[in-house]
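What follows is subunit A paired twice: with subunit B in the first complex and subunit C in the second.
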Partner chain A sequence: MLQSKETPYSKVVRDRIVLVIALFVFCLGAPLFLYTTRVHRADLPVLELDQRVETFADSVKFRIPVYVNSTNEAAIAQIQSATDNYISTTTNLDLLWSLEFRPYTQEIDSYQDYVLSLIEDDESSLDHLTQSFVLSPFSKGITVVLPSSLSISNVSQYVTEVLFNQVFGSEIQMFSALKSNSLSSDMSFPYSTVFNVVFNLFVQDGTPVDWAIAEAVPLMQPIFQALQHYCKFKVSTQIQYYSKLTNEPTFNEEQNANIISQENLPTFVNFGDWNLHNHEVTPSINFVIYFSELNYENIPLLVEGSETNSFSIPQWGGVYIYNPALPPLEGSRIKISESELNKILDIFASQLFELLGVPSEPVSPLMRIDSFQRFSSYKNLKRSLDNLSALVKLSNSLIGISIPEATKTNVVDSMARFDEAVQNLSVADFSHALENSGISLESSDKAFFEKEMLQQAHFPNEHKLAIFLPLLGPICSIVLFGILKRFIAWKKNRSALSQTEKAKKEI
Partner chain B sequence: MKLNIPWLLWAIISSVYALEAAEAISPEKQLSTSGHTNNWAVLVSTSRFWFNYRHMANTLSLYRTVKRLGVPDSQIILMMADDIACNPRNAFPGTIFNNMDQAIDLYGDDIEVDYRGYEVTVENFVRLLTDRWDENQPRSKRLLTDENSNVFIYLTGHGGNEFLKFQDAEEIGAYDLADTFQQMHEKKRYKEIFFMIDTCQANTMYLRIYSPNILCVGSSRLDESSYSHHSDMDVGVAVIDRFTYYTLEFLEKIDKNSQTTIDKLFEEYTFENVHSHPGIRTDLYGRDPATVRLTDFFGNVQEVTVRDKNELLLSTVKSTRMQEGQLPVDDHEILRIPISNKGYESTALHQVSKKESQIIMAVLVAFLGLIWAVSKE
Partner chain C sequence: MQLLALLVALPVIAAQSDYAESLLIKPLPRNKALASFLFDTLLSLFPLTYTNSSSSGDHAILSVAKHYLTFPKSIEPIVASTNTRQLHLRFTQGWWDTESWGRLPHNGSHTGGTGVELSAVIEAGSLEEARASWLKLALSLSGFFCALLNFVEDSLTTFPRHDVSEMGAEFVTSANNSLFLMRAALPEEPICTENLTPFLKLLPTRGKAGLGSLLDGHKLYDSLWHSMSIDLITECDSERCSLKLSQNIDHIIDITRLLRKHRLGNILKPLSGDQLRCDLDKKYDDWTCFPLTDETVFEWDFQKIFGRTIKGACFQDDNSSSLIQLDLNNTSWSATVEKSKGDSVHIHDAGLVERLEGTYQYNVNLRTSDSRVVNDIEKPPIEVSRSLTGYSQDKGGIRVNLKNPSKEESVRIVYFETLPWYMRAYLYTLKKSGGGHIEAQFYKPAIDRKRPGHLELVIEIPPASDFTFTYQFDKSLLRYAEYPPDANHGFAIAPAIVKVLDTQDSTVYQMRTTTLLLTLPTPDFSMPYNVIILTCTVMALAFGTIFNLLTKKVVTEEEFEAISKESKVAQIKARISSTILALKGRK
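Take a look at the complex of A and B:
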């Protein structure tokens, strides 16, 4: 066997070098590698969230105060028990939604709170029982006229009927649909804190048309004001010419008018050709006034089955087809006047309510908006918890996904707002509850959509090996084999040593 | 022989019922509605370079079709390298054709490419689907879907077993895609998805998807290639893939108000046409494709509401305000919980700071010194 010419000293040096490199790799390299490739996963407040999800039914409660203006003291208690009974027997809203009757005092304003006035009608005789009710078209006043001879239980029964069929009917329906998750297709705009409202005038040909929109827009201001707790509105306007129709309307000789049939309405707005873009970050509600070129020939363009000549497209906006009252004079420039726009904006206001999801009953806009606000807060609170639960579920199921601290911050923020909204609800401060629930929803969305929270942006676990093997493979294999070699040599050496020792002993 | 009368009666009745049942199953099935309120389309060509002309043409053809059927451009996300129309090799500058008859210039004058060139990356695609952007991302480049959206997703490029290559640089795996869809599902970002993919071994890409309400179609199964349809000798390269060609040929016959169902499209996908085995996956999808209109995905058919009464809301609310008098409008600033910026500075991958790099350098120098020291005689 060939003897190595290596001096014992160089052997020692090699041993040392291997040792130092191995120590370097394992003590410094490996921790550094793990440290720089780790995926940050913030500690989400899962327990706190679970607690809120569990107690959701107990904590989120709507107690709507109704002030009763009546000479009969006992009536309040009677009506209270009758309505409570009604809610628990005919709806699924037990605990969630109820009315709270309080005695009326002079300071109560029927524009702020519900006021139920019971008026006894002395004139009607027994055989001529007349019960009737009047809902204020403006305020939140409810007036019920009853014959004085009517027994108190009949009074409460009648009042309950009026309240639940006329005043809170649609609200209860929406609440119970949402509670049982049977809201099949919600056509309204998803919640946003800011909406852009865009008024468009689309003219079929190139003939200039004027409109007094600058004067007319302030007319919408009270509507925006009324919805201020729900969201803010940013208004913009534009005129577009040469806006061709996608489908030719059919001419009806009887009416001497062009008719847009019901089945062509969904494709009326020419998304491909009309310039409907805007570069806002917040969602836009579009309102279109369409001006047909046949207006100059006095042939109106009509929407089939619509008296107001308008229709709305869910989650997009509303359309009104403009036909002038009088045929325009030859060569004169058409101007849509402020009074005409007033009428059109009236339609757009109704469409705005519809697009946002404001119930159509009862008449008084204050009552409708009130119902809408309560319903929206409930929806927002529910959704924000849904979002957060989805986030937690996702973070558990996708191990490779990173959870940055910003997500945690937003989750905490969302839950804080949730608590605040619940607090607002407990004191029947519905407008602030709505605002807080909206921010809670927004924060939960932000938490979910956090930019850094992307599995693919980092190395997925399956890819890690493929990416790092070319880099670490050569180093690791050299180090590993070097150590192995030294280990084997050391073992050999030791056994040889022990054998010589044995031999020595034997000698 | 004794006739069994009840037995006979039963036989007669049952045969009558069978007849009725046969009538009930008519060839025309009742159409089902998805209940969606908006339509979106994500069209991606993952290839670059002149020889992949057909992938750009595939994508632009579908872009043209969904646009023609009424999906607004703001709801179409078009991702492609866009290096063909103005490629120096293009004998017809500024045009892209999907047929050798050169009848339709797909590039036209109204193309809105949302992600072009090197923006077509796996990261951007996943970000798009999960909507994970910073607040500066423009609205036109985001997929702003909700639980009422029907989304059509079309991918074309070069792929293999459970992966799809993005521009020779990276690839998306079937598992990544499946997880992305799951994230969309968790966040309720779609009502239904129609996922169409035209690559080699395309069917392997949808096998790992596990989220509900996704209808998947692929052009070829494992170990099969997808083929191009024909070449245009003047352009010099293949102009369209077979799978997409037959899809388009069928969709050209569809108009905005069409009631044609999606299974009719699937009938076009025969081996004779495509020269590979197209795959259709319906187990995740809740509805029978025979009852689903094509326009549920390729159009923008919305249920409009016609208004027939005027509520005079403007004047009512206005008079409300007037009667209300000058009530102090309750618009005080709402409290804000301060959010520290510290959280936003954290990043998932560790960014080595200058100080850290100095420390690492120092350690390395010390280490080299140590080796030198131990090996010195």
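Take a look at the complex of A and C:
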């Protein structure tokens, strides 16, 4: 075989050149390429978030103070242990929700805090043990009347029953459902600081109908006042004519009435045709009074299975179907009077409570709003953490997605509000907890639905590669093959060397 | 967002919402007709509020209810949240033939230039606030009317000088605020049915009854010229304010074409020989036919022209009214009104004004014995033509010719023009010729990407003379991403507005010129990708060659032959040839 005239030194140089180029490409080229084509990913506070998710059960606690007005000092401790026992045995709300009984003092206002008054009834004889309770219809006062002879354990048992069946029953139910994620139907609107309340009169034909809404609306004002810590309301009214129904109601000869069947209720409101859009920033709660043209023929329009002739639509509003008490006179203009409207607005008021998520029990609106505040803050806190966790999950699973600084700011803001709400809860300041939790939820929504992030969500890495393939393809393949060749040659060389060495040894 | 609402008018209980609608039909020469719809809605007693987005007081949320009655509730929040006191929106398309149709309807006050035009009077504490409100207004309206109003930005917005005097009294909620008039035009915007639907939704009848029930997108936009306008005006006296919404649609109907479409359908088919209208005075046989102009004796009705009939009066009510006015020449035209309900049909001769009643179906039938005879066409007080001059890619010019057709009176006009920033006009090149002179001149030069050029001239033209002025401009180069799709088509330049003034300086007639199509130097848009790919390829090529040169062993020819003999390919070759030889040998 012909021997190459190449010096061994030049072979070493060639090897070195390959090595240097390969090092250059992989150590400088590749990072540079990745750096110049990367998308901006803000550094999300994942650790802090994880910590909040982990400690959620420990940090979010509802301790509701109840002031006990009783002559018996021992009763407080007894009632406390009885209620704690009840919560841990019959509900899944252990640690999350509890009552805290404190002795009553003169400064405590029953319009601010729960006041439990235990009154010993000496006059009732031992024969009929009458235990009774009175819930204040206005304030947060609970009065329990007990015969003085009753033992302390029986007292505490009875008080527990009253509290958990009458006062906090629906609240506990809602909490348990939410905690176990089995909230069946969600009627209520997501939290907002301002709601538009729109009263609509929809008339089927073009015959004018008057309504005394301007006089009737002020009667709703006390309800708005009661809810003012939760949110503000902007009220407006309108009349729309020529509003046809999507589905013709069926005529029932027995009742001489048109009936809207239950299955047609979801499609009752003709969203496409009726002018229901309004371009407000804040969510709108719609209340519709529907006036059928058959009212002129004295044929009422009835909702199947509804006593009040009304129904509500989840997260949208309520509908009432108006049928005049007396058939309208020929040629005279129909007017829905103030007294009629008052009754209708009463129905709407209860629908409003339902749509906002305020429980229907107990009677006292203060108690209802109170438990609604607690429930809503819990819901908001839970949701905002869920949102943020989902965001982190998304950013981890989509590597090509960009995470703008605005998202990070919102996440940080949301967590700060979360902390504030938790802080509020720890001192039983429920109305501020609700406010902070609502803002926390809003910020987490903003973080998740950041416009810039969504736009980039589907920008694939393949595009980047496709554009730079003419550069990356040849260079990588050339360098790779160069290295491979060297490697094979080196291996061959080594085995050849070892063989010659073996041969040498044999010799 | 936190709102601070200042309550100005305290007695807020709204009273009456009034509604009136009317339709004017006027035949025009050459078998055309003008249909002019007018819908007026009034909301009296409405509180004037000021929304301040930057203020932090959240206690004063308006606790008083707003009662809209039949007034469209949907648009008011947009206007209220941007403190808009007046809103004018115009959608126009087509070419107005001044020679045969004369003056614009309503003296041009409801007519915009080709495309979409938006102008608004906004109350604000400062210019920045006004700008922010204006952009917000444009964005909201863009969603509302399905139009590309979201393209309205600072680089398109002008503050017209002359119209400020017509803004009306100062309806401001506080002495610290003032009113700002802003205007923008989008001449490229096409107008179509999706703009009509929100227009109809603003009507209290929502197009379900009354004259609104005649409006059908297919027929309306199948016209030679159409214009749709929405004007929302706040009017205040010393005690209270009211909102006035007037909506207007004008369009020119080509009767011959619509009747033909009604007869033959949408597909154009050649007429058979016996249906041709031939001039019998000239040579006429089986093979020769000198065509006559369009028919002059025919009849048409609403069903054929609008594709629908009117579904009764707007409301069964005394407060509102639906009127049809017919502007006919009695010597050659006659009209009947067909009123039907179920099977019963009642026909009577139409008067000058027909009032619609009840829930009857109305159809109006018009007959003519000679369609060439129509009522007099009023001449407009000014005729304007504007055109581009020059041919190069880097500069051009504009020539405007204004003509006073009147033989007796001189005319005073305001010429208003907005030039996009990429047209750099040079005012020193302004050259005038012909009769007339420029009384006053206002020019605000453009700032790149921030402000358009804004030119206003007050010109007086003596009777029966015309005035021409020209000026030159440079074309700028745009950035890569600033070109619209189909950039080679050119850029539409918004129409100039010409307003005729009377002696008190108020506008008596206004019109728009046509749009101009400006071609800018356009790059090849695939260029960046080509550059990236080409550079990459060249770099890879160079790198590959040098890499191989550096790393491959250089051998002499003898060495190469020796190596190639030992290579696997050579060995296989040798094996194949030996087997072939062996096979041959066996034979």
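The working rule: the second predicted complex is superposed on the first by the 416 of 507 C-alpha atoms of A that agree within 3 Å, B and C clash if a C-alpha of one lies under 4 Å from a C-alpha of the other, contacts with A are read in each partner's own complex, and residues count from 1 in each chain.
To be clear about the criterion, a residue touches a chain if its C-beta (ideal position, glycine included) is under 8 Å from a C-beta of that chain, and two chains touch if they have at least 3 such contacts.
What you are looking at is a predicted structure, and each value in this text was computed from that prediction instead of being measured.
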Touched partner set for A:Lys393, first subunit B, second subunit C, both or neither: first
Which of subunit B and subunit C A:Pro222 touches, first, second, both or neither: first
First, second, both or neither for A:Val281, with subunit B first and subunit C second: both
Touched partner set for A:Ile213, first subunit B, second subunit C, both or neither: second
Partner chain in contact with A:Ile17 - subunit B first, subunit C second, else both or neither: both
Touching partner for A:Glu450 - first (subunit B), second (subunit C), both, neither: first
Touched partner set for A:Ile108, first subunit B, second subunit C, both or neither: neither
Residue contacts on subunit A - larger count, subunit B or subunit C: B
Which superposed partner A:Thr237 touches (first subunit B, second subunit C, both, neither): second
Shared subunit A contacts, counted only where both subunit B and subunit C touch the same residue: 17, 21, 277, 279-281
Subunit C residues touching subunit A - in the complex, by the definition given at the top: 1, 3, 13-14, 58, 61-75, 77-78, 81, 140, 143-144, 201, 204-206, 208-209, 312-317, 319, 359, 529, 532-533, 535-537, 539-541, 543-544, 547-548, 550-556, 558-559, 562, 566
Touch list for subunit A against partner subunit B, complex: 9, 13, 16-17, 20-21, 24, 28, 32, 35-40, 42, 109, 111, 137-139, 184-187, 190, 219-220, 222-223, 225-226, 228, 246-247, 262-268, 271-272, 276-277, 279-281, 283, 303-308, 310-316, 342-343, 345-347, 349-351, 353-354, 364-366, 386-387, 390, 393-394, 397-398, 402, 404-406, 408-410, 413, 416-417, 420, 431-432, 435-436, 439, 448-458, 460, 462
Residues of subunit A that touch subunit C when the two form their complex: 1-2, 4-6, 11, 14, 17-18, 21, 193-194, 198, 205-208, 213-214, 217, 221, 224, 232-242, 273, 275, 277-281, 467-471, 473-475, 478-479, 482
Residues on subunit B engaged by subunit A in the complex (per definition of touch): 35-38, 67-68, 70-75, 110, 122-123, 126-127, 130-135, 138-140, 144, 146-148, 172-173, 175-176, 179-180, 182-183, 186-188, 256-257, 300-321, 323-324, 327, 329-331, 334-335, 337, 339-340, 342-344, 346-350, 352, 360, 363, 367, 370-371, 374-375, 377
